[in-house]
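In the two complexes below, subunit A is the common chain; its partner is subunit B in one and subunit C in the other.
And then the complex of A and B:
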């Protein structure tokens, strides 16, 4: 009786499988069709199998792929800087909520506002402000700044969730044992929130890499990857865009897996070191 | 030794400065510019009501809002049904934590592909020679390919649902996971059917999650112009698309007036939903 599944279980499993098909179907089409033969188009059937669309991407002429290489490098550069700043500013702001202070509500609700205000308004507002100030937008200040308005609220929410689950008595114990605030953060809090901090870095990078509504008007010259791809959508007639899709997905996949492995390794090394110290 | 209050202020200052300087002030600037005159690609800083008069006189305003409200309502309804069902399955039917994590990861992986690529990925499915038309032709259900599957309001809505359902699953699953199992068990012991447990216990208790998911979905649909333009082949006009077109034509003051109106509509909606749910409590629990 305990382990007999009701009928609803099987119906819902089938429903979930269909949902996964709905999510993965289009993506599988992209991955498969990126290996389309040279005569083939953007739809099935496959006319042979080839790497010709990947070669097109890397050939000097780059038929119909615009400035993909440089926009990709720009996006990576922007993403790394945004991720780092998001971590520093977001973790600090999250820590401020460990205590009650006047203005805490303002910080919290300004972040919620930034999250729910559609991105084009934030981007447009920043562009208008720069214009009235007579400044030219450039990626290293207005581009980064515009993207921080999107990545920071997520960092704060992640901090809220992990700190909400963190037992306050650990910190109190550290203080009672004579730890300075810096020691308390380094030896007690940071190890406990480290998975969340890795999550913030990843969220910062991906939100920057995907974002164009806010940065678009404020990046200055030189498109980022999503802007470049959006521009190419209308003109796309060959599977070369699918080759871009396959390669960038592979890149993201590698990045995410590598980050997870590195953070798991760090956590393990730390555990071993602590065990050795107290062993 | 620094007082705790000053320490908190120092920690929050960079964050607060970015939110103030790059979100709140710029939104204020949009409001100000909406009352300014304009020439060719320039803003003339004089008080001018023309932008607002145009917004309220134009039939375009009504049409675009009718379109986007219809889209938002359909997308919300479908993602709510899908999202609730999937969250319920993951929380109440998948028993091992391992498989639950795997299933959630499986739902997230498609989002590692860039947005524009995910949009164009519908061409091989919904296009004139796409798989759906091929299948329907092969089955003899239609004689000629259906033209409105792609570059239409239909494809806009399908892609919204594809991209946004997970934004509904997340908050609802989060609320569901907080329901004490003993409450559900007690109802079962009293002889409640699965359907009664869902309608009498689970739905009332996941309302905050539904509200948060609704905020994500509605703000995403109302504020998006990129997806509509790409998936409708520039054939569907929403308020956000109209704003983007004017920004691209350097007509900033009228774009600002339209922006303020859309912002007020979206924020009023969010405000009503936030009255129904204490978002801060919902997160910290």
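And then the complex of A and C:
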């Protein structure tokens, strides 16, 4: 056969299989162990199968579960606010690059540079500065601010990719037809970049939800989910931690799938609207 | 596609209501450029002090090689490019610093720039939506313009479901619906295949005639410019080389650049003068009482009714004669043959400068 697959195809496939195994294998262990029987411990073998650890988690008797419920709610609240701010600031920043302005390069490179600065030091620096200013860190300003240093560069990069593909003549055509800058954004640019904007919201939310290096020292008194888990895992004695892992994974997958469904719905609604016009 | 002969295009014409004092001036020129220049960041001028008057309801082609400033000129007319120096007047009103939508111009983009998320109908109705025209009314009016370009049957298609030629018709309807006084077209035919190009060319001319407004059309195709134009403006290096009717430009090129660029001409140094002679007036047999240059045939191209013969003169200069097929086949010459390249003195055109 002439079009036989080359050896590299098989080698790379094997590598990819290893990657999948390495990524999902350990997670699978966590998921399985979360169904450990009541007598079982934090490692294999399984001693029966039960939902007892999930019950423990929700009955909140406090057996090694700490403040998990409140920290989860705090994380959600923080994540939603960070996602919203990331979208607003990221889209605005991306749009500003549609026209060259003095200092545009500085803005771009300083944003990118913030991605390579180690997060733990960004967080530490913010905390030190707050102390110098005599301010007490709290989630609604220093916590959000610390996380924005992480999510905004991503939002900007996503915007660059989306807007880079957007032909400038669409904007010129809209202007030519009498659109004000606001109408141009509302009727032409936003509908075209909407899937990307949904992506930015998603990226903003997930990067906030799992972030603790920057937020840790600046969040104030109430722990977020990743901070709470880090603390609990060190002192864990029962598989209840694994139940938390299974549930958060489920939660994140649900969020991602919901986002995808919303995007698909947006596209389908557009098609339906067109179909309706046919009739 | 059927042509709706009942369709009254006249009602689509912008309502111009000049005061009697203005009427004469308004009637004379639709577009005036007064010493217009464009330079970017102090660099060399992309457009250099061009002055031009386009008469009322003309089809005007800006013709030139790439980088000659024709597109920049068009974009300055549209208001998408600022004017460095000079003034632009449209219907006798100075619009040099006016917004693109406040000039009475409308532009059709080279890539058409149809909004990909809107159907053909919504694209055409876009400018009415911006002005908050109620939906039924704006869709009815958009349909009217789609009919003008014979696209009403595909009104609900998305741009991606339309062919290049169909997209162009929609773009044309979209730019006509604000009722521009002047329509600006940036290389409108360059993305089409040759067959469609000729078809759309006559469509553009038909619509321009029906609407009775001025079209300014940028092109690098001589053929297109000659076929369409009431007025041809040949540009090079940011300057106007010649502006006139198609026939004037073809028969009386102002200089050797125009003669060469417009095609079909030989620019010949003869007895110390530079003259241009139309290739179809040249022969490859000795002319009694005419001008003769010894030349060698370098190539023969059969073009149907005509045959084009490329020659090299004794000084190596490229020459060209276009003769009828009848004359050619009466005594067909062959490549490499030495002949007398000849023309009559009456067919010479001496450049003014």
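Keep this in mind: the second predicted complex is superposed on the first by the 265 of 279 C-alpha atoms of A that agree within 3 Å, B and C clash if a C-alpha of one lies under 4 Å from a C-alpha of the other, contacts with A are read in each partner's own complex, and residues count from 1 in each chain.
By our rule, contacts are C-beta pairs under 8 Å (C-beta built on N, C-alpha and C of every residue); 3 or more make two chains touch, one makes a residue touch a chain.
Everything numeric in this text was worked out from a predicted model, so none of it was measured.
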Side-by-side fit of subunit B and subunit C on subunit A, or clash: fit
Subunit B versus subunit C as contact partner of A:167, first or second or both or neither: second
First, second, both or neither for A:136, with subunit B first and subunit C second: neither
Subunit B versus subunit C as contact partner of A:4, first or second or both or neither: neither
Superposition-derived comparison: subunit B or subunit C, residues of subunit A touched: B
Which superposed partner A:179 touches (first subunit B, second subunit C, both, neither): second
Which superposed partner A:192 touches (first subunit B, second subunit C, both, neither): second
Minimal inter-chain CA distance - subunit C and subunit B, angstrom: 9
Overlapping contact positions on subunit A, where the subunit C interface meets the subunit B interface: none
Residues of subunit A defined as touching subunit C within the complex: 167, 169-170, 172-180, 183, 187-188, 191-192, 270, 274, 277-278
In the complex, subunit A residues that touch subunit B: 5-6, 8-9, 12-13, 15-16, 19-20, 22-27, 29-30, 33, 41-44, 88-90, 92-93, 95-99, 101-104, 106-108, 110-114, 116-122, 124-126, 128-129, 131-132, 145-146, 148-149, 152, 156-157, 160-161, 164, 181, 206, 209-210, 212-213, 217, 225-226, 229-230, 232-234, 236, 241-242, 244-245, 248-249, 252-253, 256
Subunit A-touching residues of subunit C, taken from the complex the two chains share: 78, 80, 99-101, 105-107, 109-111, 113, 115-117, 119, 121, 126-127, 129-131, 156, 158, 174-175, 178
Residue ranges of subunit B touching subunit A (in the complex, touch as defined): 4-5, 7-9, 11-12, 14-16, 18-27, 29-30, 33, 43, 82, 85-86, 88-90, 93, 103, 106-107, 109-110, 112-125, 127, 129-131, 134, 162, 165, 194, 215, 219-220, 222-226, 230, 233, 240, 243-244, 247, 252, 255-256, 259, 262-263, 266-267, 270, 279-280, 283-285
